[in-house]
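Shared chain: chain A. Partners: chain B in the first complex, chain C in the second.
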Partner chain A sequence: MKNKILPFSVIVIFGIIFFIFYKGLEDSKIYTPDVNIKKEIPVFNSKEFFSGENVKSLSIFELDKFYLLNIWSSWCVPCRQEHPFLMNLNLDNEVNIIGMNYKDNLKNAENFLKELGNPYKEIFIDLDGTIAIEWGAYGVPESFLIYNNEIIKKYIGPLNQELVNEINLLIK
Partner chain B sequence: MIYSLIGYYSLIIGLIIGLSLFYFSYKNFKNSNILDTKILSFTFLQLFFVVISFLCLIFSFVISDFSNETVFNNSHTSKPLFYKISGTWGNHEGSLLLWLLVLTLFIFLFLVRTKNQPVKYKILTLVFQQIIIVGFFLFLIKTSNPFNYIFPIPTEGLGLNPILQDPALAIHPPVLYLGYVGSSIIFSSVLAATSLKIISTSWASHIKKWILISWIFLTLGILLGSIWAYYELGWGGFWFWDPVENVSLMPWLALTTLLHCILVLEKKSILTSWVIILSIATFTLSMCGTFLVRSGILNSVHTFANDPERGLFILVFLFILIFLSILIFFFFHKDNDRKSYSFFWLSKETAILINNWFMMYFLSVVLIGTVYPIFLDVVSSQKISVGPPFYHKLIIPFLIPFLLMMAIGPKLKWIKSQLEDKIYLVSFLIISILLAFLVLKNFNQNVLINTILISSALYLFFMTLRDFFVKKYKNISQNIAHFGFSLLILSILFNNLFATEIITNLKVGETFENSKTKIVFESVDQKKEQNYNAIIANFFISNQNGEEDRLSPELRIYNQPVIATSEADIKTTLMSDKFIVINLVQNQDFFNVRYQVKPFMLWIWLSVILLSLGGIVSFLQKRS
Partner chain C sequence: MKILSFFLIVILFYTSSVLKADELDKRNNITKNLRCLVCQGQSIYDSDSEFANSLKILVDRKIDEGLTDAEIYEYFKNKYGEWILYDPKLNKNTYILWFMPLLIFLLGGAIIFKKLKKKHN
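And then the complex of A and B:
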């Protein structure tokens, strides 16, 4: 009896793996934001990216303006894909893009901006990832659309043209 | 037009032959004194028709027959002939046809070349291989027919993705596939041998050759892909831990472990469970790779085809194969290792076994890093990205005992051994540690882990180097491969530790200067080629040692489809590579310039070639 448990459990494990892959196929690859909507933004203190001076979240986000908080990192490959869209979004200037530099090496991050351009109005540093946790972020890249100190929409994963169009609609 | 028809019907005939082979095998299996000649000729015919089909697709590409959907999607009249041909396998449909070609080629060669093995074993191997082949025929014909017809016939095609228009990448898929898909024959024959309970030392030395073939091609295929990524993706690295790179690395790790297990099996008739499981794992990991890349379940630079229907087909097929092999393994295989054999702690097989476990650990790290984000997404809709830091942190520390074991293991004897010549073992270790310490001290890179890591790599390096002179070519293949591996680790380490990088923005005529390097942006030229227009930037670079170089990186704008790429200019010397790449910054009149000096770059490539040379030598060696 004992030697039947092993094959049985192996088959069950592979069955579960099959099921998960199957569900993974069904999932559309378009990210649907359904969490953290209409939530007050957290209050935090951090350092400014270029100057290294202390900044408070209250001084970054003003009322009655649209902000896009973008969590990025130089080591994150999808951030590279996303960056041109941020650059384009920045051209319209109707939304202020704020960068949160996540668990990064500052030199690499600066080089990243030098190479691909800097779309951010302001960047602050989240060296150990704690601020991102307070925001409820899962990883990089991630973007939060903010109005009146409230998160209106959350985008997990890299932005693309479709999402940029959506953002443009929302801020009109 | 006519080629598409011939190609398509060749596929149908191939499928019918595959199905009829089941019948012949069944008849022959019941009454099996000699292999039925019909089986051999039908297998040949199947190969023949797949070759015809493949040639038809190549011709369609060469004559730019845009009535063929695959050609329309992936080619263009203005492309050079070479890339028209390589475009054949640079897309989903064509690459699957190549899969099929390799599958049928290997089973034919297997039947012809296998002697001194039971007839039943040959037939059963054919049956398992035909299951895979028929599966792929159905997949190809049903979901990804390379000969789909479009009407009205377009006058021009959509073109080949420019980053694929590259000589290294043109031959990368065929070489990689020979290794990747070649492992199918190991899978089939292991299932056959397990069912017939004929796993023995003589079987091991017969299958070893096939493992070596797969291993050599897989190693070279990964190398080509890596070289391509180095100069084409333009980030100056050679390995990005991208999911698609990982899915080629995983079968390689499994196959390397299998190769070592088969050596033990050949000598001592132990580790049979290892051999069976690893053979199954190698091929299923290859299939799993195809699934991950072709289904669009993960997003990566390499995923070009996104079609859930295809994904579902491969997924179901993959799991049918997995369940089939699990059933065969548990039903037929009775493990006698434990009763008849106990490992002495100091012996060659123990050393191999220990390193096998390390290899399995590396494999699981890569597997988890690749697959876990998908799982997490499905189970909890959380998205995470796993990057190089994950792999580096989990793999690098464990390389130290792994390298030491690689150095000492081959010195041990089978069954039971004593460490002779302890003096030189210890003295080499001390020399390595001192040398590593000195090197790092000199360059102010004095981190403990680096010292230990370089020491252990140097240790393996010296031990294998010494054996070239002492051992009188007793086990030259193993020695070359291990020497290559030590060189690979050393080159990667030095490459990472001592690389320097300058990133700056320059206009034409400007100069960048720091204490060590001076970069002059001299001029900009334009160039017109058949398939792209290019801007060539000319740089003059000098350093404090008085070395002067002229480098000319390019920005290319391909015409079909319109995509801009940056081509790095690389000056390769024996000791270091000078790598420069430019990027256009939007709405600015300056270029972003990235200049890197990467020491020992060439040695990374050379050491991988050495590694596979070890395999080639072993393949050519006559059985002693």
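And then the complex of A and C:
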């Protein structure tokens, strides 16, 4: 009996280890930060896209209004895909779309807007990508739905019709 | 007087370069302990992605502001979650990670102890 305890416990422990590793195989190996955490929006200073004047975040986001902050760039291919959806979202005028131009050449960015339209109420520049980090973003495009200076929902990657419908539901 | 000012300049230059080297060490240490979210598996120090380069600038800025290492890690943890740290703290999601080696070590020790005891007898 005593002799059987050791092999039995070894089998059990290896069984547990096998189970943990097997379960681990099913998990996604690509980490994405939580998109549903409610957070206060960061305070930052930047420059306005067209005029080059200094802007403060506090002057952009007002209370009791919905805002969609969209991080975009002219060199980003998925941004081209989502742009028509932003233009449609802008038609209803229920949400103010704010643009953050990420690590871009201003001339190219202007041409991008001329070609595809400008859905943004205001655009500010993030030349070195540090403001995007303040927001907890790590790429382009990313969008943040904001109400009362709080991030309600974060969208990593390009917006599509399904997500636009979701935004429309959230802001009603 | 000329000699005195010469020495003063040398000392100033020397201390400022030592300070810069300390800051660089600190920056390298921190960026080696942060994971890149774009090139997952690489540290911020190793990665050359747009995200990693911006993060390096921000780490420099935080060091200049006088934040300690722990405060800088906490700042990035707040932005991206525990995952961004290479040195995860003990919590309900990581306790297997922390205790499994100890468990395996104890089990191995017990087997060896048993075998030796048997041999001795």
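Just so we're on the same page, the second predicted complex is superposed on the first by the 136 of 172 C-alpha atoms of A that agree within 3 Å, B and C clash if a C-alpha of one lies under 4 Å from a C-alpha of the other, contacts with A are read in each partner's own complex, and residues count from 1 in each chain.
Going forward, a contact is a pair of C-beta atoms (placed from the backbone, for glycine too) under 8 Å apart; a residue touches a chain by one contact, two chains touch by 3 or more.
Model, not experiment: these values are computed from the prediction.
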Thinking of the overlay built on chain A, is A:W75 touched by chain B (first), by chain C (second), by both, or by neither? first
Quick check on the superposed pair: does A:G52 touch chain B, chain C, both, or neither? Answer first, second, both or neither. neither
Quick one: is A:L6 in contact with chain B, with chain C, with both, or with neither? Answer first, second, both or neither. both
By residue count, is chain A touched more by chain B or by chain C? B
Chain B versus chain C as contact partner of A:N111, first or second or both or neither: first
Would you check which partner chain A:I20 touches, where first means chain B only, second means chain C only, and both and neither mean what they say? both
Shared chain A contacts, counted only where both chain B and chain C touch the same residue: 6, 10, 20, 29, 31, 138-139
Would you tell me which residues of chain A are touching chain B in their complex? 6-7, 10-11, 14, 18, 20-27, 29, 31, 75-78, 84, 87, 111, 114-117, 138-140, 156-157
Which residues of chain C touch chain A in the complex? 37-38, 40, 50-51, 53-55, 57-58, 61, 79-81, 83, 96, 100, 103, 107, 111, 114
Going by the contact rule at the top, pick out the chain A residues touching chain C in the complex. 6, 9-10, 13, 17, 20, 29-31, 33-34, 103, 128-130, 132-134, 136, 138-139
In the complex of these two chains, what residues of chain B are touching chain A? 240, 242, 291, 295-297, 299, 301, 306, 308, 311-312, 315, 319, 322-323, 326-327, 330, 374-375, 377-379, 382-385, 387-389, 501, 503-505, 583, 585-586, 588, 592, 594
